[in-house]
Every structure is written in C-alpha cells, then in structure tokens.
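The following pair of complexes shares a single chain, chain A, combined with chain B in the former and chain C in the latter.
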Partner chain A sequence: MKKIVFILIVLITLGIQAQTSEELGLQIAKAAEQADLGFNSSTVNLKMTLKNKNGQTSERSLTTKTLELTDDGDKSLIVFNSPKDVKGTSTLTFTHKVGSDDQWLFLPSIKRVKRISSNNKSGPFVGSEFAYEDLSSQEVEKYTYKFIEEKGSLVVVEQDPVDPKSGYTRRLVTYNKDKGYRFEKVEFYDRKNALLKTLIYSNYKIYKNKFWRAATFTMKNHQSNKETILEFSDYNFDIDLSEEDFTQVALKRIGS
Partner chain B sequence: MNQKIIFNGIILILFLSFNSLNAQDEEKKSNQDFELEIEAEYRYFYDDAAFNNQKQHFPSIAFTPEYSLNWNKGYEALNFTGFFRLDVDDERTHWDIRELYYQKAKNNWELNIGLKKVYWGVTESNHLVDIINQTDAVESFDGEDKLGQPMVQFTYTTNKIGSFDFFYLPYHRKRTFSGEKGRLRFPLVIDKDDLTYESAAEEWRQDVAFRWKHYFGAFDVGLTHFYGNGREPLFTFDQLGNINAFYPVINQTGLDLQITHNAFLWKLESIYRSAKAQDFFAMVAGLEFTFSNIDGNGLDIGLLGEYLYDERDELALNALQNDVFFGSRIAFNDTQDTSILIGGISDLESSSKIFSIEASRRFGSSWTAEVEARVFSNIDFNELILSNFREDSFLRFSISKYF
Partner chain C sequence: MNAFKKAGNATNVFARSWANFVIKYKWPVLLAALILAIGLGSKGNMEFDGDYHVFFSKSNPELEAFDALQDKYTKDDNVIIVLSPSNGNIFTKENLTAIEELTAESWNTPYSSRVDAVTNFQHTSAVGDDLYVDDLSYESSLKTDAEILEIKEKALKEPLLVNRILNEKGSITAINITVRLPGIDLNEIPGEVTPFVRNMISDFKEKYPNFEVHTSGLIPMNTAFFESSMNDMGLTMIMLIIVIITTFILTRNIWSTLATLIVVLLSIMSAIGFVGLMGIKLTPPSSVFPTMILTLAVADSIHILVTMLQKMRKEGLNKVDALKEAMRLNFMPVFITSLTTVIGFLTMNFGDVPPFWDLGNITAFGMGMAFLYSTTALPALMAILPVKSKVKKEDTKVRKEWYASLGNFVVKQPVRLTIISLLVIGGLTYLASKNTFNDEFVNYFDETVAFRTDTDYIRNNLTGIYNIEYSIGSGESGGINNPEYLKSLNAFENWLNEQPEVIHVNAFSEVARRVNRSMHGDNESFYRVPDNRDEAAQYLLLYELSLPFGLDLNNQINVDKSETRVTVTLDNITSADMIAFSKKGEDWLKNNTPEAMHAIGVSPTLMFSKLGFRQAESMLTGNIIALILISLVLMLALKNFKLGLLSIIPNVTPVLVGFGIWALYKAQINTGMVIVFGMTLGIIVDDTVHFMSKFLRARRELGYDAKQAVVYAFETVGKALVTTTIVLLAGFAVLSTSSFALNSYMARITVIIILSALIIDFILLPSLLILTSKKEAVAVKNIKTTQVAFDK
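Here is the complex of A and B:
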C-alpha cells in the first residue's frame, strides 16, 4: 500500500511538473522582466577584452545608451570609442518583441548611415565571443520556456529561441530569485545541441534600489577556448533620454 | 578655397561655441578628444603612361587630425577634421578642412553651422544622390572622399513622418583634377581655376538643398532636392575641338530607397538633373545579399549586383552610362576586422571593364593596412572620358597609424 501511495505521489508530482514546467519557466521569465521594469533609460561605458586560445588579448571600448519601451522592445545606441580606426562607428537598434529588429550602422569616415539586415543573429559581435543575439534586448517573447530546477535562491530555466535564425537550440539560464531574478549564468547550446559557451555575470551592483547590473560578463567558448570579458562602468540611470535620442539623426550625432 | 572665408568661418564657429559654452556654466562638464591619423601610401601605375610627364610611382603621406569638444550632455559640440596630403603629383598635394562646425541639438531639432560632410544614398557602385559636398577627386577614384562644405543645416525630426533637413550652402568649392605628373587625367591638364561658372555670382552663389528621410517597416526612403552650382563640371566641345568646362546652375531631384528584407537589401537611387545646357535622368538599382556566419566563426560573404544607367551617355563624367556592377564583400569578423571588397563594372555596350579589389586589416590596436587595385581592362577607344585612363590601372598600399 505504501508503495502504491508513493508511486502515485511520484506520478502526480511528475504530472504536475510536466504540465507546469513551461508555465513555470514563463512565469520566471516574466518575473525577471517585471523586476527590471521602469529603468526608463541608461548609459554605460563598456570595455571589451577579447582573448584568443593562446591568451593574447585585444581591447575595444564602447558606450551604450538604452531606452526602455514597454509596448515594444527597447531602443539602443552603441558607439565605438576604440580601436581608434573604428572610433565613431555606431549602431542604432530598435528591438521588436515579435519579428526582426531594425538596425542602422553609421560609418564615420564617409558619414554614411546604412540600414543593415538584422538577419545575422548568430554571427560574432566585432570578433568577440558574443553573438549579436546575446547582446540584444532580452524580450520575453523571443523564447519559449521550461523550468528545470531550483537550488536555494537559484532557479534554472531552459529557454528555446523562437527565431529559427538563432545560433542556439537552447540556453540554460540561472536566475537569482532573491536578487530581482538577475541572471547569474547562461549556458548556450549550439545547433547540434552541444555546449558552446558559458556566460558568467559577476560584480553585481544595485542601482536605484531596484536594478541589478553586473559589472563583469565573462563569456567562455568551450569549443574554441576563446574568451571575451565585458567590463561595465559609469552606469547612469538619471540621464533621462527620450525617443529623440534614438533616431538616425542622433546616430550621426553620436558618431561624429 | 579662399583664405578669408575660412578665417571668418573659423572665427564665427569658435565664437558660437565658446559663447554658448560660457552660457552653460551649470552644465559645464565638457569632453574633448584629439586624434591623429598618419597614413603612408604608395601607388604604383604599372602600365606606361599615356601622356607626357605622367609618373609611375607615387609615394605619399597624409595627416588627418581630429578634434572634438562636446558639452551640455553632448547636445552641443564643436567638431574639427583637417586633412593634408603630400604627393608626387602637385595637385594631389593638398590640404582641406573636412569639417569644422558647431552643433546644437535640442529635443527634435538639430542645428549645424560650419564646414561639414553630409552623405546621402544607399547604393555601392555609384553615388548619384549624394550632392552636398564636392568630391575630392584627386584623393581617391571611388569618389567617396569629399571636401568640407560650408553650410547651415537645420534638421527637424518628427515622430510619424520622418526627418526634414534644410541646407543653406553659401559657397561652392571647385573640383581638383590631377596635375601634369598625375595619372587618371585627360591629355590636357585641367587647372581647376580655369573652370568658370554659369552663375554670375560664381562660387558665392547662395545655394539651397532639402532632404526628407523616413523609414517604415522594411523601407528606408529619402527624397532630396538641390538648387545651386552643380558639383560636377559640364564639359562641352565646340566644332574646333576646344573644351569648354564650367559649373552649371542645376536643379537636381533625387530619390533613394532601400528595402531591407531578411538577408536581402534592395536598393535604388535615381536623379533628375536639369540645367540650361543639359537635362538628364540617371539611376542605380540593385541588391545586396549576405550569407552570414557561414563557418560558424563569423565569416560573412555578401554578394552585390547593381545596374547603372545615365542618360548623358558618353558625357557622363564617371562613364557609368549603361553598365552592370558585380561585387562581393567578405568580412571575417575577426579581432583584426579583416575585410575584402571585390568588384567589377562592365559596360553593356562596349568591351570596357573596370575591376577593383580593396582589402583592409588592423594590426595591434593602432595600426591598419590597406591594399587596393583598380584595373582598367579593354577600355573602348570610343569612351570619351574613360579612354583617357586606359593605361592607368594601379596598385595601392597604405599603412595608417592612429595616435
């Protein structure tokens, strides 16, 4: 009898889990989105260090401006400050919750603004281990979800990209539910479902008593043994940017 | 360019900048930045010269200093880019103020006063719509180097119907042609000062231009109009074979359109230019398709195809009257930003072809190297303009250091 009860409990638990792991995953993703709502706009400086498998490094520095939108995805402006030969090269991205993003590139040498395809999601961003899709705005609608496990305050959710052009079959995201559902770690599985990269978030700081931002992102590629480290500094949440700071005119201005 | 206007212009811009810098004491936090590029270049024309006194080897050095100062949270700025090149060809030895302007942005408008560069257009093989700046014709063959244009530019951006640019262009700058020792010239050396104007006001004709630019969904569209001294000189030939060259007063309406759909970019540029001596239509239409991240390592290969038409036929200065362009852009997306652009333009009515390859790569953090080749192949003797360049295929190497 005890055995039957036990089996029943196990079955029911499994049943509930099978029914709700998608819902639970989505719920966590939404909770994370909710926790980060209301930052309006921010700017941050970013130092990117690229390490090849022999340990040789090269650096670039950028400034990113972000404008939070609730009815659609965020808008962002990225400008390169170094290497000096690409200084002023800038991108303007309008993220969309559904469908492909709109993106423009400014080339400072000839002052040209060029609309570019956002098709290349899986390609590396300026030779780094970050793909374009790793750096774009994290909208809930871009993935489907599956709750995996909970260990203390850490929650692991599998995220499957909706877009078939993504370079991944799935990502395993570790959230910290006690710290505003901030990301602690992301593991990326390639199209063959082999572990490709691990991204670790560290040196977290809280801004405005609400917004957790990691000062360091460490992305390790397990297949190529290359590594990219992003170091964020001078976060500013009081900049009060508006839509007018995210236009093609503003793109030219920031790159000049 | 006239020394006096440069001087007066500089005074005006500095006055505006510092006046406004002082007025903004509470927002005084300013950022400044200085950068210098020094480029060593060597061009080698491997065919024997077509005309007397033309050289084959062209070592050269160029300096590009840049200074920028911004304040008021970046909404006000002073930007400067200078340029100086020393070359074997006396005409290619030249200096220019590429940019020196004061900029102020507020909410949905932006004002620029000074010498500035403005680019319009979407296509790769020819830049028809782009007309604000005079081409620095001795600097490069592709016409992408420009001289600084004195202007007042006012931009108004709307939420729903795009942005509107208004330009007041008080001074025209003449195009420089290769000197006696230089390649890519006509049998007769053209001195830029010999070219005259249709307008009695000459270079001081007060010109205007307008641009509307908008995007909706996959479409990026621009409509432009320019009224003033043309940037391209008009060559007319009398019955005795004398060349008369001058800058006509033109009205030019331009359209540029790009549709960005997945990995496809569909592009169109067209212009209609009217002057007393000449009315014509010209266009470029084509597409760009990119196979991205082919090897999973970031290798992108883009394919380009464009058709070029110019109603001027053989009088078209750039000789692109009924041609097709094919090209490929290869970007390795590596840490050195290695990229290669290969292209060929073929005349559909004759044997004339121009091939080109441009490759660039960074070394360390502050060096870049470039290789370029342009090959004029089977140029038809009947090509009025291009036939002069049939012996002017060249290789170019350059190394730049950034400080």
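Here is the complex of A and C:
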C-alpha cells in the first residue's frame, strides 16, 4: 500500500513537472508576444544576400510594412525593389492565429493580383535559406511549447509547429528574458528531426525604448552549407499605417 | 659480359652466405620476421569506401566539371524506389495511399533533402485569379473515384512525371529520394542510409504485399560497391584453402605446407599494415589484394621448398644442406621474378583510376615482403620444423619423359611451329583490335547482385538510368528569365526530345511553360515560354513562393538565377554511344545558341563511360615503361642482350592472344582490364626467365647445341612452370568468380593470358631459340661459366 502511494506521488509530481515545462514554455512565448505588443505599425528596408557553398553571392532588396493586429495575426506587405525584373512585385499577407494564412501577389508586368494557395509555406523564400514560415509573423497559436532550459538571462524553448505541412518537426528558440524576450537564436530541425538550419540574430537596437529589432539575421543551412543574410535598415515606427494600407487595392498601388 | 659474370658470382656467394646466416640464426630471424609482420599488421586498418568518386582521380576533368555543377545547384545522391502494384494500376485509392505513406516515410531517410513521388508532385492550376500549386494527391484515402480518375489524367499528361517517376501506362511508379551526404564519415551510406531504406522497404512490403519493389540509384550503387568489396575480400579464404591444398600436393609434406602458409599470412599481414599506414580506403578493385598476394607469394615458397625436398628425396642430402642448396639455387630467380612482379604492379600508378593505384601499391608492397619472408622466415622455419624425408624412388621419370618428348616434338619442327604460332597470334591480334570499351557501370555487377537486376528492371520498365547534365548559362545575373534564353533552352529541350536515345528531358523551360499556362487560366495556347522578361521573372517568383519544403527549384536553378540545369535521361546505350551523344548535345548548343549557353555534358554515368578510355590512354606510357624495365631486368639476369630482346616476343604475345580470345568471348573491355598488360607482364615473364636461363646454362656450361639445350630446358624446368602456372590459374580463377566485373573480367583475361604464356613458352619460345641460334656460331658453346643462378 505504501508502495502504491509512493508511486502515485512520484507520478503526480512528474505529471506536474511535465505540465509545468509545457506551461512554462507557453508562458515565455506569451511574455515575448506581450513585450513586443503595441508597436502598431512599422516599415523597414531589407537587403537579402544569398551565398552558396563556394561563396558566390546574389542580392535582393525589399521593403516591408507591418501592421500589428491583436485579435488576429499581423498583416504585412513586402515590395521587391531588386532584381530589376521583379521590381515592384509585392506580396500581401494576412497571418491568422488559427488556420492557413492568406496571401496575394501583385505582378506589375501584367498588372494583376494573384492569390497564392498558401498551403505551402515551407519552401524557400525567393531561393533563400529562409522559408516563408520563418519570416511570417510569429503568432503564439502556431506552435506548442516546451521549456527546455535557462542559462543566465537566456531561456531555451522548444516549439513544435501545429501545421502538418510545416517543413520542421521542431524549433529550438533562445530568448533573452532581460532584453524584452527578444530572439537570440533559432535552431530548425527538419522532418527527420536532424538539425537543418541555425538563425542568429545580431546587431540589436531598441526602438521607442521598448521594441528590440535585430539589424542582421544570419541563416546558415547545415545540410547544404548555403547561407542567407538579412540586413535591415531604416526602421520606422512612426509611420502610422492603417488597414487601408493592407488591401489588394493598396497592393496594386504600391507595386506600380 | 665479364662484369655480369662477376655479378653472377657475387650473387651466388651472397645467396650462400645469406642462407648460412638465416639457418644459423634461425630463431632470431624468425622472431624478427614475426615482429616485423605483427608490427606492420598492428597498424593495419581496413576501411571500405563505396563512393563512386573513388574511381576518379582529383585531376579528372570530368569529375571537376561534375563537382562544379553539383556545387552550383545541389549535390544529388539518390535512391530510386520503384513500385509495381500487382493490379497494374497505380491510380487506385489503396495504391495511392500506400505510395503517399511510403513517400512520407522516405522523408525520414537520414540526410534526405528531397523526395519526389507521383503523389507529392507539385501540380499547378489556375482558378480565376488564384494560382494553386499543390500535391497531386494529398490525403488520397479520402479521395472519390472521380477525383482519382482526374489525378490519373493529370499525372499521365505531366511531362515531368512520365518516363521519370511514372511509366506511360500508369502501372509502375517511382519514389526518388535525394540524399545530401556530409561526406565526413565512411559509414554514412552503409551504416545509416542503406539500413534505413532496407528496413523501410521491408516494412512496406509486409504491409502492402501487393507491391513489387525494386531499388536503384547512386546510393544502392555505392552499397553494391561496398558489399562487393567485402565479398571479394571473402574470396581470400577460398584462395587460402587452395593454397594449402596445392602446396600439400606439390610438396607432399605437412611441415612445408605449414611454413608456406605462415609466409603468405605474414605477407598479407604486412600488406594490411601498409594499407593502414598509407591510409588507403579499400574499394572493389583494391580489395582483392589478399588473394593477389596469396597467389603470387605462394610461388616463391613453392620454388624453394620443392627444390629442398627434391634434394632430400632424390639426392639424399640432409635437411640443412638441402635447405642451403635450395636457397642458393633459388635466391636469384625468386628475386628476379619478385622484382618483375613488383614492377608490373607498380605500373598501375600510371593509370588514372585511384583504386588501381592502391591495388598496385599494396600488392607490390606485399610481394616485396613475400620475397623477404620467403628468404628469411621460410628457411628459418624449415630449419626449425622437424622435416623428415626418405630417399624415394621417384616416379617423376615418366613425367620427365613427357616433358622431354614435348621438347623433342618442338625441336623437330621449329620452323613449322613458328609459322603456325605467328599465324595464330597474328589472327588473334587482329581480333583483339575488335574489342570495344564499354564501362556501363551497371554491368560492373553480375546478375547475382540485386542492384544489377533491380536496375535492369527499372531501365526496362520505367526510365533510363543513364543521364547527362548540362548547366546552361545565360551570361547575366537573372538572365534565365530572358526570353531569348528561354527560347533557346526550349529549342534545346525539343531537340533533345527528338533524339531516339532520349527517354526524358528535365529542363527549366518546361517550368516556364507550365507556369505561363497557369497564369493564363490554364489556357493550352500559353503552354510556351513567356515573351517578356519581367513577366517570366515575376511568374517564377510567384511559382517559387508556392513550393513546399524540399520541392523547390534549387536543384535546377543557381542562386544568381543565371544558369539552369538540363538533365537528359537516356536509354540503354554503350559507353561509346553515350560519349558521342554528350558531344552531339554540346555541338548542338554551339551551333544554335549564343556563346553563354554553350555547355559541356557531365554526369557520373558519363564519367564512367570515359573512364576506360582515359585509363587506357594513361596506362599506355606505363605499359611501355614496364616492358622496357622488365626487358632490361631480363637482359641483366640472362646476361644476354639478344635473348633479352627476343624475350619481348613471348612476353608481349600472350596479352595479344588474351585479348584476341576475349574478342571471341565478350568483345567488351572495361577499365579493370586495361591494367592487365603491365600486371601479367610481371607475372608471365617468370616462365621466360626460367626457360631461357636453363637453355643458356645448357649451352654455356654443358656445351649442348640449341636443340639439346631446348630439350634440357624442358626436362629441368617444365614441371616447375606447369605447377606455378596452376597456382596462378587457381588464384585468378578464384578472383574470376567475383560478382564485380572490373575484378572478374580482369581475372578471366589474366587466366587466358597466363595459360597462353605457358603455351607460347613451350611452343614458340623454344622454336625461336633454335631458329635464332642457327645463325650464331657455336661460339658460346665452350665458354665455361660458373653455375648460373637460375638452377634448380
């Protein structure tokens, strides 16, 4: 009898701990979301540099506009400035907390807006090492969480994507809890649970005394040895965009 | 001539004191030999490398071009799993579900980066202004019959699928797993990828027994290379048993059999140490080294032991005296024959195929060590072991008479025999020129290897396994969207499709056409490349944004969007046709496209096609050098310039005869056979050395005329030549059972060459000796020389 009681106690304790690690993970993700809340809207210029194994490079430049929404996922608009033959091509994305995102693309060459079936968001974004899912708004609901460890101010949380079409089994995210739970590093594990890529955030700057933004994202693919570097410049948090700036009409206007 | 005689005397004296020394210090000598062998052996490390890259030297231009192509796009090692459902229709709910399941499981293959199947094919369609890019069949188990019929229609119309992933009838399909190996650990394929794939397939077969499964691709080929190395290593045991039996039959003495066994084992142990010290990774061609060393090293011991036992049995010498005499008489011949064999094997370094460098170097080292052990450990052992032998009435008289009568037969009709021999050799030489190179890598394995039969099934039922790739540049960043480029690329694609040997073409122009059609509401009249650069670039951007993980275009387009990759799959064709086809494609580009688009064809299969030619070209110098060196050694050993020159005939003609007979047998030569000239030269030269030295001894010492000297040579050395030939034939016959054609063909032609060499040495050589001696006065007759070192 005593034995059974003991086992029960052990099991309950373990159960509590398991729950705790998941809850703790979720708690951290929510804290990070909370810390970044209230930026309303921003624009930023982005230079994307693709490097292959031999160090050959290729560049693209883009402008991104983001509108913060609280009841659903953020809306974003990306405009390509170069290469020349895709200049003006723009994408409009409505991320959703639950279900597939909506995405449209404006093609200036035919002056038409095309809706993209967005079941596939795990593929490389314009040939880079970033998948569309790596760049889209990080909504809390898109993952389940598990707290892994804490080292000083750094907290590591495992995130498992909810979407079955994701290219990953899990991501290991390192937050900096002293710096507004900003991301320091993300490790991506592919479908066979092998380390695929590492994303390092660097050159952080704080805007409006609250919002941490890294000026450099370095994504290294360990399997192909290719690398993509994103360099952000001219962050603007005072632009004060509204929903009207994120419609198909706006998409057409911006591109042409 | 005097200098040579002195040298001969000197070696004689040296051999005698060597024998005395070894017998006097038998224990220390044996111990030293053991320590040396164990010391070397302890450094031994046998690792197998199945990567097909090992067949190409670092400087091989085709390999460089292919690696450059893989760096630009993606490195594609693959496994093709071919599924044939028993109902002969892929498109049923059950079969599609099974395929979808296996496809999902395939993503778990270690190092996999991409999985292509009929179910996850990214089908593009347009509904109004929406572009849909989605799996051709997702969640197949929920599909209705009508939907499945629709999927079937789409699939069978899809140029990217038909003849690549799907056959025209829709009865057979493939799952292609692309694997990106880090290439750090030799165990990646044999230890990780292959076991995973095999398990996955056996689980699949259990769950879906209605599917027949075949596998091919570069990974299974790699595994086949690896496993055939292991198998060929296993032949060593068979050869070891043959060595024991042969030695026992020839010496009829258990102790000498034991001593021989120890000598060959020490030689192999040392060679294994050499492999470890040099960091050599074993491959199918080089993994036969233990059998080679066994075969060649045993001859050394047999020569010494047979003489020793003869001296004891026939002449009644005591053990030590017989041993000393055997050493004295055999030291030089064993040295010379070892030297020529080493030279022969070292010439493999002139070739362009690294596994043969390894085979040559390991065997040469092993032969050097075999010489050392045969002249140290062997006599020491024989001095220690309680060898007893009674003086026997020999029954060899009968056999001796047989050799003598063969000699007499030759002596009676040298002119006729020479003419007949030369006619036969001439005819076979003519036939030899009819052989053609064919290095179809699939045929490297015989039908006992599953990789071969599975690959044959795939190429007969689904698609080709020979391909050629062209990386076609546009000359500018983003230039692949230039309509001029796309039109030329499209024209190239069309031209390729028109060629009768082409089964499938995968070109970026097809993607451009397909997306253009979808951007125009799936209107068939827009199934052509876009006319406007911005349009093409923007469509491509849209399309790329729609592709899922692992199914992107990075394997077809470089990062700069300045080049695309065209992959042509070809029907079963020979190496020569393959090379010609690749050239034809290059020429078409030169004649029909701007300069930036000119490209050379590359691929592993093409590299193998060119391997034989490249090897033959580079081995030519090596063979000439081997011939010159070995002829020089012979001139020195025989102390006769004329006979050294004459020896070229019986040394070269067996190879011509061998390839002539081969033309009647297979008429196809592979890379493995290119090395046989140098290698067999080093081996067959022994016959000539022994025969000529006996002939010379009879002329110089015994004062015989040419005819008598020939009969004498037959009597004294005939049996020894036959026995060593039998040992060699046994060794190479064992190797000829290898399932790996580079080894088995090489061994088979070596069997023919060694046999021809013996016949030529018994028929043509004596005839020539008589004919050439006639003109010469009997001047040499009375010159007394001390005993020539080649005696028995």
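Convention: the second predicted complex is superposed on the first by the 239 of 256 C-alpha atoms of A that agree within 3 Å, B and C clash if a C-alpha of one lies under 4 Å from a C-alpha of the other, contacts with A are read in each partner's own complex, and residues count from 1 in each chain.
The definition used in the following text is that a residue touches a chain if its C-beta (ideal position, glycine included) is under 8 Å from a C-beta of that chain, and two chains touch if they have at least 3 such contacts.
Bear in mind that the values here come from a model prediction, so they are computed numbers and not experimental data.
Colleague: Could you check whether chain B and chain C clash or fit when both are placed on chain A?
Modeller: clash
Colleague: One more residue to check, A:Asp102. First (chain B), second (chain C), both or neither?
Modeller: Only chain B is touched by A:Asp102; chain C is not.
Colleague: Tell me the contact category for A:Ala194 with respect to chain B and chain C: first, second, both or neither.
Modeller: The answer is second: A:Ala194 touches chain C but not chain B.
Colleague: Looking at the overlay, what does A:Gly123 touch: chain B (first), chain C (second), both, or neither?
Modeller: A:Gly123 sits against chain B and chain C alike.
Colleague: State whether A:Thr216 touches chain B only (first), chain C only (second), both chains, or neither.
Modeller: So A:Thr216 meets neither chain B nor chain C here.
Colleague: Answer with first, second, both or neither: which of chain B and chain C does A:Glu244 touch in the superposed model?
Modeller: first
Colleague: Looking at the overlay, does A:Ser202 come into contact with chain B only (first), chain C only (second), both, or neither?
Modeller: After superposing on A, A:Ser202 lies clear of both chain B and chain C.
Colleague: Report for A:Lys53: first if it touches chain B alone, second if chain C alone, otherwise both or neither.
Modeller: It touches chain C, and chain B stays clear.
Colleague: Examine A:Thr91 and indicate which partner it touches, taking first as chain B and second as chain C; both and neither are also allowed.
Modeller: second
Colleague: So which bit of chain C gets in the way of chain B here: 127-135, 379-387, 613-621 or 721-729?
Modeller: It is 127-135.
Colleague: Once the two structures are superposed, pull the chain A residues common to the chain B and chain C interfaces.
Modeller: After superposing on chain A, chain A residues 50, 52, 58, 83-86, 110, 112-117, 119-120, 122-124, 126-127, 167, 190, 224 contact both chain B and chain C.
Colleague: Hey, which residues of chain A end up touching chain B in the complex?
Modeller: 50, 52, 58-59, 82-87, 100, 102, 110-117, 119-120, 122-124, 126-127, 167, 190, 224, 239, 242-244, 247-250, 253-254, 256
Colleague: Within the complex, which stretch of chain C touches chain A?
Modeller: Touch residues, chain C against chain A: 71-72, 74, 107-113, 122, 129-134, 180, 182, 477-478, 481, 519, 532-539, 541-542, 544-554, 557-561.
Colleague: Would you pull the chain B residues touching chain A in the complex into a rising list?
Modeller: 35, 37, 68, 73-74, 77, 79, 99, 103, 105, 107-108, 110, 117-119, 121-122, 144, 146, 155, 157, 159, 163, 213, 215, 220, 258, 260, 262-265, 290, 292-293, 296-298, 300, 333-337, 362, 365-366, 368, 400, 402-403
Colleague: Can you list the chain A residues touching chain C in their complex?
Modeller: Touch residues, chain A against chain C: 50-54, 56-58, 80, 83-86, 89, 91, 103, 105, 107-110, 112-117, 119-127, 131-132, 165-167, 190-192, 194, 223-224, 226.
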